[in-house]
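Labels run A, B, C, D and E following the written order; every chain starts at residue 1.
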Amino acid sequence: MDIATIVGLIFGAILVTGAILMGGDFMAYMNAPSVMIVVGGALCATMAAYPLARFLKMPKVVMKTVFAKPQNPVELIQQLVELAEIARRDGILALENMADQVKDEFLVSGIQMAVDGTDPEVIQSVMETELENLIERHEAGKGLLDSMGRFAPAFGMIGTLIGLVAMLSNMDDPSKIGAGMAAALLTTLYGALLANIVFLPLADKLALRSNEEVLLKTIVIQGVMSIQAGDNPRNVQSKLMTFVPPSLRTTEEDNRAA
Amino acid sequence: MDIATIVGLIFGAILVTGAILMGGDFMAYMNAPSVMIVVGGALCATMAAYPLARFLKMPKVVMKTVFAKPQNPVELIQQLVELAEIARRDGILALENMADQVKDEFLVSGIQMAVDGTDPEVIQSVMETELENLIERHEAGKGLLDSMGRFAPAFGMIGTLIGLVAMLSNMDDPSKIGAGMAAALLTTLYGALLANIVFLPLADKLALRSNEEVLLKTIVIQGVMSIQAGDNPRNVQSKLMTFVPPSLRTTEEDNRAA
Amino acid sequence: MDIATIVGLIFGAILVTGAILMGGDFMAYMNAPSVMIVVGGALCATMAAYPLARFLKMPKVVMKTVFAKPQNPVELIQQLVELAEIARRDGILALENMADQVKDEFLVSGIQMAVDGTDPEVIQSVMETELENLIERHEAGKGLLDSMGRFAPAFGMIGTLIGLVAMLSNMDDPSKIGAGMAAALLTTLYGALLANIVFLPLADKLALRSNEEVLLKTIVIQGVMSIQAGDNPRNVQSKLMTFVPPSLRTTEEDNRAA
Amino acid sequence: MDIATIVGLIFGAILVTGAILMGGDFMAYMNAPSVMIVVGGALCATMAAYPLARFLKMPKVVMKTVFAKPQNPVELIQQLVELAEIARRDGILALENMADQVKDEFLVSGIQMAVDGTDPEVIQSVMETELENLIERHEAGKGLLDSMGRFAPAFGMIGTLIGLVAMLSNMDDPSKIGAGMAAALLTTLYGALLANIVFLPLADKLALRSNEEVLLKTIVIQGVMSIQAGDNPRNVQSKLMTFVPPSLRTTEEDNRAA
Amino acid sequence: MDIATIVGLIFGAILVTGAILMGGDFMAYMNAPSVMIVVGGALCATMAAYPLARFLKMPKVVMKTVFAKPQNPVELIQQLVELAEIARRDGILALENMADQVKDEFLVSGIQMAVDGTDPEVIQSVMETELENLIERHEAGKGLLDSMGRFAPAFGMIGTLIGLVAMLSNMDDPSKIGAGMAAALLTTLYGALLANIVFLPLADKLALRSNEEVLLKTIVIQGVMSIQAGDNPRNVQSKLMTFVPPSLRTTEEDNRAA
């Protein structure tokens, strides 16, 4: 869970609500049909653009973007170094049991292949294909959020045009013109809010989150290859540490010193 | 046929119709000349931008995007594995008859070349050229939908400008100003609807559909190459399975277990 | 000549004229100074962005985009196969006379080099440099049309701003406000029409046309190299045919069968 | 510290303040809630799009963009040449003490590795990984500024829509319409000012600054590699000078001549 | 000097002035504070985005884009061929004196290195680094013009918003509303004119000009390498001519024939 995303989303909503309350009548900004056309329209357009199975994964994608807690790469490297130490001391078959204690499925499957004596090139190829699948899934998820962020303002404008036409073709009572335009503008407001408070920031976040996960998987692949090759645990550590920014690296050394 | 696309298109249309009906007079939103200028203008601009033969394929492209049912890659791999088993057991010439039972033309032509004893490099080159042609045709199709999605709002704006000039140069009767502006805005509304409900989602969908088909053809090419090389059917399967996301892979294993 | 481009351009113009006529007074839409500022402004900006010699080629570029008739690639391949047959039967020197009958200058210069016994690598390098020059010329032409399509709406907006300022600084007679705004909007309308009916579709078309010509030149280069190498005409044909989409290929085979 | 950035920021602010003062009442342009929604909204959206740790680095990024003083590459090269001379004359171990006098941490760590007799390939790999980390940190910083420059105008528009709806749904007193619209437009103005005076120029500046720093680090890496290889100091100089534009190079020669 | 750029800039200005004069009162379009905010704002934002030294080069960049006269590549090739003839006949040392007669500094420095017996690889590396520096300087220059073309309309909008707020918060005298809006729109007009008549066309032109200069430098590098290698002058000519479009090539042959 990344606190910044949740705080950003909630504070954004509070800020806008506050601005509306200062403007006066809160109910003037609430309009169910306007919500329907913006949210519904964006959902329909996005649904039309994606296979059903992928579209239905949107809530999961949103949840993951908001709540996923990425593993600490330094902890992951420590774990890989420990596995390398065991493999060096007791032979790679000793990792057969360890595989039950490690939680990361991707790492487990890699170690299992190493224990089974699979050819190193095959291990690497299988793990990299898996990684490519992961990247593709992330891009598909980002595509969903991007689509929502693109179609929400578009349907906001469509709703405003529908409202304007309704107002303009029925201007007998001039006192209703203001209310009519206000209602028409609401959909544009909803579209802009949905895009800029929810979907565009989440799409950006998902792209960053994907980069982090790709880094972790890359470290795992390099680690498994080193473990199978029987590399010196010390070398495994310094090799994997080059993937980590220096600020994190020093923390790690402090920890060990402590 | 992908249900999501059809549901998305239909629900989008229903939603907009509902929003219009709530706004009041449905007929105020119906205007044949406005439809003409938006749809006609976008069609003319797209026609001018493409050779006639390609432009006339647009209905086929739309139909395909909406109704095409992509083959299940796991089923395709199973079929290739079966062909590999036959080839291994009875010799590659035994596939001569099988070629009549397989429906996928691309696979049939590949097997036929293998049966005819064509040089592997030639088979690969011919099949890859075919695949490149397919990708180009898909891009051309996507180009048509993109053009429509780009020109429809442009002609919506052009129609609105024409309507505004007409209204503004004839403001003797102030009571008609509202109706004139409403009519002028209709073309902008039509352009936005056409682009955001129909053409942009379909263009996105076509791009995804193309990726799927390219994956299938790539599997077929790899499969035919393996069959001709006389690879072990088990190896063929595990090799081809790396192209499929893990979620689909487990399904397949469950199926076999069942 | 590609009928679709001309039909698209003409029908687009008819459609817009019809929409204007329905709006009422045709003369309200005709305004020489507005045409001047949009067309003239876009021409000036494009002229400033290009060397004079290139700018002056714009009419030629437009004509070519509209009227150029691309050669049929299958006919071109047939011609190359015939030349390959002659070269094989009577020696490459027999092509000395053929060179007078072939119309394609690019092909003639290639054959001439082959007849002169020029080194194959030199022939390929010279022909490919020529092809790169062609691609660059096409891109320069497309750049001109893109610039016009980009600057026309910009000067439409500039004209509208000039008109609005004129109208707003002189509002003594309220009855003239409508006419003033109508006149101001005309330049925006002109800019949008020029861009969306003429320049953007033609720029797209030119890009497609360029791809076709590059394909033809590529076929010629491959053909000349095969002829000089003395390849079997049958192999030349099947080699060159891989550049052509399957739909065209079957047509060709039907023709031969007929 | 780069005087141009500070002068540009300050003069931009003065210019806009002057323009407002000329328009009349300065207080009409001051509105705390409008500032809140634009600045707060942009901050919330940016916060939602980034991990907390990275978001909190924004003030540091801004400060660095404005005040960082890039090292003169010619001075850096002189320093590297001096180190190369010492290493050549007294052996590389003589640099052990020098490392205390050099301020650039990146250079110190490189020399230290060379003194420790680390393998050249390892030194290069470690230093290049460090450089890649630097580039990534710069890009993350630029991403923050870009996000602010993108979300500030978006929340400006959102604020204006909220204000317009408030004004339109309460038009009983026509004399307040003007003031209402003025207040509504303020947020759009704030968004445009923030983006165009502060965030977009700073993002551009940061990209340039990053290029400069990458150049310096590249020179350091090349220099350390040359020092370790025991290259002739004269060759080290001419090799490193190719990274510097000729205008700077002549200055350097003048300096030496003087 | 390229006549098209100057003619385009001047005619564009005349056209706009004419359109304004037709609209009536020329003075209504002249407003010093509006010029200040658009030009000053764009300059401040661009200054903030660039180091001072680079920003101050803008007038030089503009002058060069407008007045630079690119060398004729065919003349350059003739000169290189002549130098190759001298080098072949009298030895490369004979070029020592020639170096005084050649004006192109880049060519002179290349020949000087050849005369000094510098290693060919070093000559090539030094000259290519120089070329890369040139390309970077051109891109920096184009970046300045792009920034001005991007920030001018942005500050036009900012000025209009400031004017609108001033007008709207002070609507006591309805007769002044028109004049106030006219004044507010002026800055948008200025921003659009500056961008579309001056900065965007010049930025496009600079990109083309840079391509031409890069071509010339590439020819010089190839020529110097050939001269040093002692290539046959005839081969040098045909080798360098492949860099020139065929239309220019024939001109050259005509010239020689004449």
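Heads up, the rule we're going with is that a residue touches a chain if its C-beta (ideal position, glycine included) is under 8 Å from a C-beta of that chain, and two chains touch if they have at least 3 such contacts.
Bear in mind that the values here come from a model prediction, so they are computed numbers and not experimental data.
Counting steps between touching chains, the shortest path from chain B to chain D takes 2.
For the self-contact between chain A and chain B, the two sides draw on mostly distinct residue numbers; the shared fraction is below half.
One inter-chain figure worth recording: chain A and chain D are separated by 27 Å, centre to centre, where each centre is the mean of the chain's CA atoms. One simple way to say how far apart two chains are is to compare their mean CA positions; for chain B and chain E this gives 44 Å. One closed ring of touching chains is present, and its order from chain A going to chain B first is A, B, C, E, D. On the chain E side of its complex with chain C, the touching residues are 2-5, 7-9, 11-12, 15-16, 18-20, 22-25, 28-29, 175, 178-179, 181-182, 185-186, 188-189, 192-193, 195-197, 200-202, 204-205, 208, 242-243, 245-246.
Residues 33, 36-37, 40-41, 44-52, 55, 125-126, 129-130, 133, 136-137, 147, 151, 154-155, 157-159, 161-171 of chain C are the ones touching chain E in the complex.
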